[in-house]
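Following this line, the structures themselves.
The same chain A turns up in both complexes below, where it pairs with chain B and then with chain C.
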Partner chain A sequence: MKLSINNEVHDVEADGDTPLLWVIRDNLGLTGTKYGCGLAQCGACSVMVDGVVTRSCVTPIDSVEGREITTIEAIENDPVGKRVVEKWVEYQVPQCGYCQSGQVMAATALLRETQNPTEDDVAAAMVNLCRCGTYNAIHAAVKDLAGEKGGA
Partner chain B sequence: MKKSLLTVLGVIVVGAAGAAWIATRAPSSSFDAVAASGAPSDDLLAHGEYVARLADCVACHTTPEGKPFAGGLKMGTPLGAIFTTNITPDPETGIGNYSLADFDRAIRHGVAADGHRLYPAMPYPSYEKMSDDDVKALYAYFMSDVEPVVQANKASEIEWPLNMRWPLAFWNVVFTDGGVYQAKTSKDEMWNRGAYLVQGPGHCGSCHTPRGVVMNEKALDESGPEYLSGAVLDGWYAPSLRNDPNVGLGRWSEDDIYAYLKNGRNQHGVVFGSMVEAFNNSTQFMTDNDLKSIAHYLKSLPANAESTDVAWSYDPATADDLSKDVADNVPGARTYAANCAFCHGRDGRGKNEWIPPLAGVSSMLTPQAESAINVTLNGSMRVVSNGVPDAYRMPPYREHLSDQQMADVLTYARSAWGNTGDAVTAEEVAKLRSHTDPASIDVIILQMR
Partner chain C sequence: MTNNKDNRPVTREDFPSGAPVNISRRRFLLASAGATAGALVLGFGLPIGPARAAQGSEQITPGTRVPAFLEIRPDNTIRLQSPFVEGGQGVFTAMAQIVGEELDADPESFVVEVAPAGSDYLLINNKIRITGGSNSVRSSYSTMRKLGASARLMLLQAAAGRLNVPIAQLKTEPGYVINTSSGEKVSYGSLAKDALDLSVPDGNSVELRDPSTFRWIGKPLKRLDILDKSTGKAIYSIDCTVEGMVQAAVQHAPRLGLDVGRILNEADVSAMKGVMSVHRLPGAVAVVAERWWNAKIAAEALQVEWVKRDDKDAKYRYMPDDFSSAAFSDRLANEESKGITAEEEGDVNSALSDAATVVEATYRNQFLHHGQLEPPSTLARFNEDGSLDIWMPNQAPEQFQSTIAKITGLEASQINIHSPMLGGFFGRHFLYPEANPFPQAIQLAKEVGRPVKVIWSREEEFLRDPLRPMAAVRFRGGLDADGMPVAIEAISATEGPTESLTGHNPDSLDPLALEGLTGKTYAIADRRIAQVYVKTPAMLAYWRSVGHSMNDFFYETFLDELADKGSQDPYELRLKLLKDNKRLTHLLKAVGELSGGWKRGPFTAEDGTTRARGVGMASPFGSETAAIAEVSMKNGQVIVHDIWEAIDPGSIVNPAIIEAQVKSAAALGLSQILMEEVIYEKGEPAARNYDLYPILRPDQMPNVHVRVVESGAKMGGVGEPGLPPVLPAVANAVSTLTGQRVREMPLRKLRLES
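Right, the complex of A and B next:
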């Protein structure tokens, strides 16, 4: 099966029901995307599929054939993603860092869809879990991005 | 005067004698005169094992941690709890001393070897349609290939006088059809095989046919319009298997039904609730021909006459509006986006056949919301197909969502994408939450099926 990941087409040998996360990490060695709960509950495995945030642990690969998948490794090739990472550095968001690639994905997908999200938009989109409790730093960074002049 | 009194007395005596005869007689078996034969052939044993799969004996006669067929599973009845029995060939605690005729009386007539009547939690009203060949093979399998287990049966929790069993003889007179399945010459072979499997060993009606006031299934074959028309049991709604477009199988093809029973999934849905057990233990082991026959038979059942459903069709508006609904605080929309959409999709279509859609599925269209609530509270059981457990499973949201949040998100999903299910109330969720909490005093235990 052919999967387009970070603008590169990979020929993957796996069953159609294999979770995308397994293929990304085990077959392709892109380990920036993390395994958290395996049940779409925590968001650590978030990637973007055609720009929409998607939990790769519950995404069978045959459902994303022919679509463009973006992982954390290529997030800075996206202008919005680049700014998100810059703000993440500026606000020193990560602590242990395990959930952060998912957090960056969620923030990037939000800002791609809504340039100037409201508090409610942010609350609805930023639902990934963080065991360290970096929520305040995430909130500050996203709020900064949300208020950027001319949109993010 | 004296003469008429005598007549009345005579009628009473004869009536009482007749009633006593019905209540205590052992029904005849077609195997009464059959002598015990020698060692069974491998073919007969293989056939018997297959019949045990068809009849899914293991589902009720085994506890999750127990030995196969040793019984002990608790089942609820309106009168009190009963326990399934040890049907391994242990002579003391199981059925090791049963003759073929004794076995037949238990399977097809609901009478144990010691003469006591079985409760119709044992689906003998269905099993009585089983052929002599199948019963004979099943007996051979249980006697030769099932490992004997010493495990005494547990006494039922039904108290005197309701624990007297003889009135069941009269129940049987009224509520069983009496007789092995007779092929209908007006129908083809495939239809007849399907009808036999569905009505007989498969006992689909035990869950899918509504029951009357004395727990009788309201119909035992397609001659009754309520046959397989859907019923609530054990906190799950077993949907209609008739051809209603929304609450039944109207939009499923025969191939769809075949795939569902063979693989546990198709584009319309994935087995969940009690059907997981039926799939894991029974339907996936059936031959292709048998599964196709079942599909063929089910597709011949007409929709309910009173069904005025307009067939569901997909409405993309919900998917387009989800972000707006979240922003507008439409009840349930935010919960859906944060908890459900990652798997079931913003468009409600699921992910191929691996993760079921919510758009257009019967649990989102039926007036009965039990299945939708139960699977959200408690998640789904492990579906094991060909020995491989499923990669994706519904997690339980019991600890995650309040009654009101769950009611809101289910109401949202049951009205999204063209779905027409009724709203769900927090009270309904609270009730099922309590009934399915193992720590609760009023927890649901397996009912008759």
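Right, the complex of A and C next:
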């Protein structure tokens, strides 16, 4: 099966029902996308499919054939993603960092879709779990990106 | 600055000590990762090698041998071997700040990774090495300063030889030695090789910087690992790969103490896509495949008849098939014995009989998962020379090495422990019998003759995760005629994590079982804190802030219960009980001020909701903390709007990291009090994933406001102390708001009405 990931087409040998997450990690060796729960509960596996944030742990690869998949490895090639990463650094968001690929993906997808998201937009989009509890810093960074200096 | 420029585990081969390396491949990898080619890898400075680090261990004073810790490269970057594992707590950055300050090198020029196992790194009391107990910085602060100062002196000596001038004529500025007469500058990187040939000066005789001149210690430096973690480049154990590696998934027995009897469908599973082999492990079956997903599907498909394991000397606990966490909690609460005294002042019995009012209540807590987002994994590779390389999440490399030596028969020196970044830990990655995947990875690597990486699915993790202990505490409190507490007795029926792991000694107590009931500083004249030991059928573990994670909840909520009974304001009561303790009085006033002045409520907020505030304090891990929480209720559920928290860790290294750690600890504490609970029925956990074991979500996170108070007292811990006071602050606010006492956690299961 041919999958377009980070603007490169890969010929992938895997069954169609294999979760995209494991093809990204194991077949392609892109380990920035993380496994946390396998049930679309935590969001650590978030990638973008045609710009829409998607939980790759429950996304069979045959459902994304012919679509453009973006993983964290290519995030800085996206102008919005680059800004998100810069703010993640400025706000010193990550702690253990394990969920942060997914958080950056979620923030990037939100801001690509909505340049100036409202508080409700942010709350609806930034739902990934963080066991280190970096939620205040995530919120402050996203609010800043949304054009409003975030206070935590 | 990064410590991984490509998507491979950090291995010693990445850092040549003068040996030839495959430059072209490295260049390719670095270039593809966007790094300046050769920037980090062509170092021939002070080489760090396992032989060098491990030789003559009987002679080693931990933390003194500069070459075991530092490599200074020609480009003036500095590779530091951290004795402590990084799992989000910021210790890599703190180590670079401390060493850099004395070495006179900008912490931003540091590349930090975890040191291999070895006697050089046993920095806690010169005996052990763990990343835990909020011990890292406070236990190593002085040693790491001396180490940096010793290294600086070696570089000065090398420069004196090279420039043929007396050392007194030299000074340093970050990364360089300067000849003060000629102005000539020599980089550390160019001196490193000469410095290596010098003997390491006695760290106790080197001059340390005057703290008033610190440039990096005490400053809110940015963390060294943030960019990598924001771009997916940080490498965790689960990400590690080596050439020729295969992957394994396991299916654990539903209860500990069961072994594989028959596998009913082994042939069918062996024929499943990608499956290479099926294996029987102690208490589990495993499937090996090239791809983990194939292994997982197959491992879950195995139909196993589990049989009782005949293992009388086992270190794990045989989980009975009728174990119920709810019944166990009742059993603890109904314990009637007086227990063994841990702390006693005065005569609590006569004080209680003289008291104007006596209050009695029993408080309870719940089992908890660690819930670190990275599921456990281990990659094991046997090498041609018989040695073993192993990558795994761990908080104690030498302890893991020593255990692996026992199970493999290898010498410790043949076992290379790699400790990648931890995707959260919170106490999860100590040695726990049957709860670490490394024995499985080792056995499988032997059986298949290739490197094997075992990953536990979230479901297998929640089945084997050892739990935060459970307790029931019977309190008796006495009030005088003015409503002031004069006596308190707390008898906890529980088991501490250490005694659960090393064996209960009837003649001594596990201090971690009661910390937070013990060690309280309120001026209550007559008191007795005691434990009734009750063995828990489940495996127990350390969990962020350990005993404090539950005991300060018990004590501080009961204190509010006493305050209510005596018609005292809980904040004012605490100030009265602490009036002779300047440090805690200051801290409590600081958090009150941070919150805009103490107001208990209930009051009506601007948005029309009715809210109340609660306060809690704790003295965990050598630090002092106090928190105030503001809550409201919606549809019977508690909403926490704000938490104000003050921490006094005595003296500090990085205030920004401390603030981040307090927020993190507050979030985990909140998650515990609001919603978390591991429920066992019939010997099995009801929840095997986050769907049935919810943890704090972003929309449930309050604004956490932190004040760091630097009292100048002895340096305390940072990673854990922020957690304990949050629980009682929330519970006390809820009691004020609802008029109902909160005597157990989590709040989610209580029927609360506003």
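The rule we apply is simple: the second predicted complex is superposed on the first by the 147 of 152 C-alpha atoms of A that agree within 3 Å, B and C clash if a C-alpha of one lies under 4 Å from a C-alpha of the other, contacts with A are read in each partner's own complex, and residues count from 1 in each chain.
Throughout what follows, contacts are C-beta pairs under 8 Å (C-beta built on N, C-alpha and C of every residue); 3 or more make two chains touch, one makes a residue touch a chain.
This structure is a prediction, so every number in the text was calculated from the model and none was measured.
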Can A:66 be said to touch chain B (first), chain C (second), both, or neither?
neither
More residues of chain A in touch with chain C or with chain B?
C
Go through the superposed model and pick first if A:41 touches only chain B, second if only chain C, both, or neither.
both
A:85 in the overlay: touching chain B, chain C, both, or neither? Say first, second, both or neither.
second
Between chain B (first) and chain C (second), which, if any, makes contact with A:135: first, second, both or neither?
second
Quick check on the superposed pair: does A:16 touch chain B, chain C, both, or neither? Answer first, second, both or neither.
first
Where does A:113 make contact in the superposed view: on chain B (first), on chain C (second), on both, or on neither?
first
Where on chain A do chain B and chain C both make contact?
18-19, 39, 41, 127
Touching residues (chain side chain B, partner chain A) in the complex:
323, 326-327, 329, 334, 337-339, 342-343, 351-352, 354-355, 391-393, 395
Of all residues in chain A, which touch chain C in the complex?
14-15, 18-19, 22, 25-27, 29-39, 41-42, 44, 71-73, 75-76, 85, 88-89, 92-101, 104, 123, 126-139, 152
Contacts from chain C onto chain A in the complex sit at residues 7, 87-90, 222-223, 225-236, 238-239, 241, 247, 273, 291-293, 371-375, 421-426, 455, 457-459, 656, 660, 663-668, 670-671, 689-691, 695-699, 701, 703-704
What residues of chain A sit close enough to touch chain B in their complex?
16-19, 39-41, 54-55, 58-60, 62-63, 113-114, 118, 120-121, 124, 127
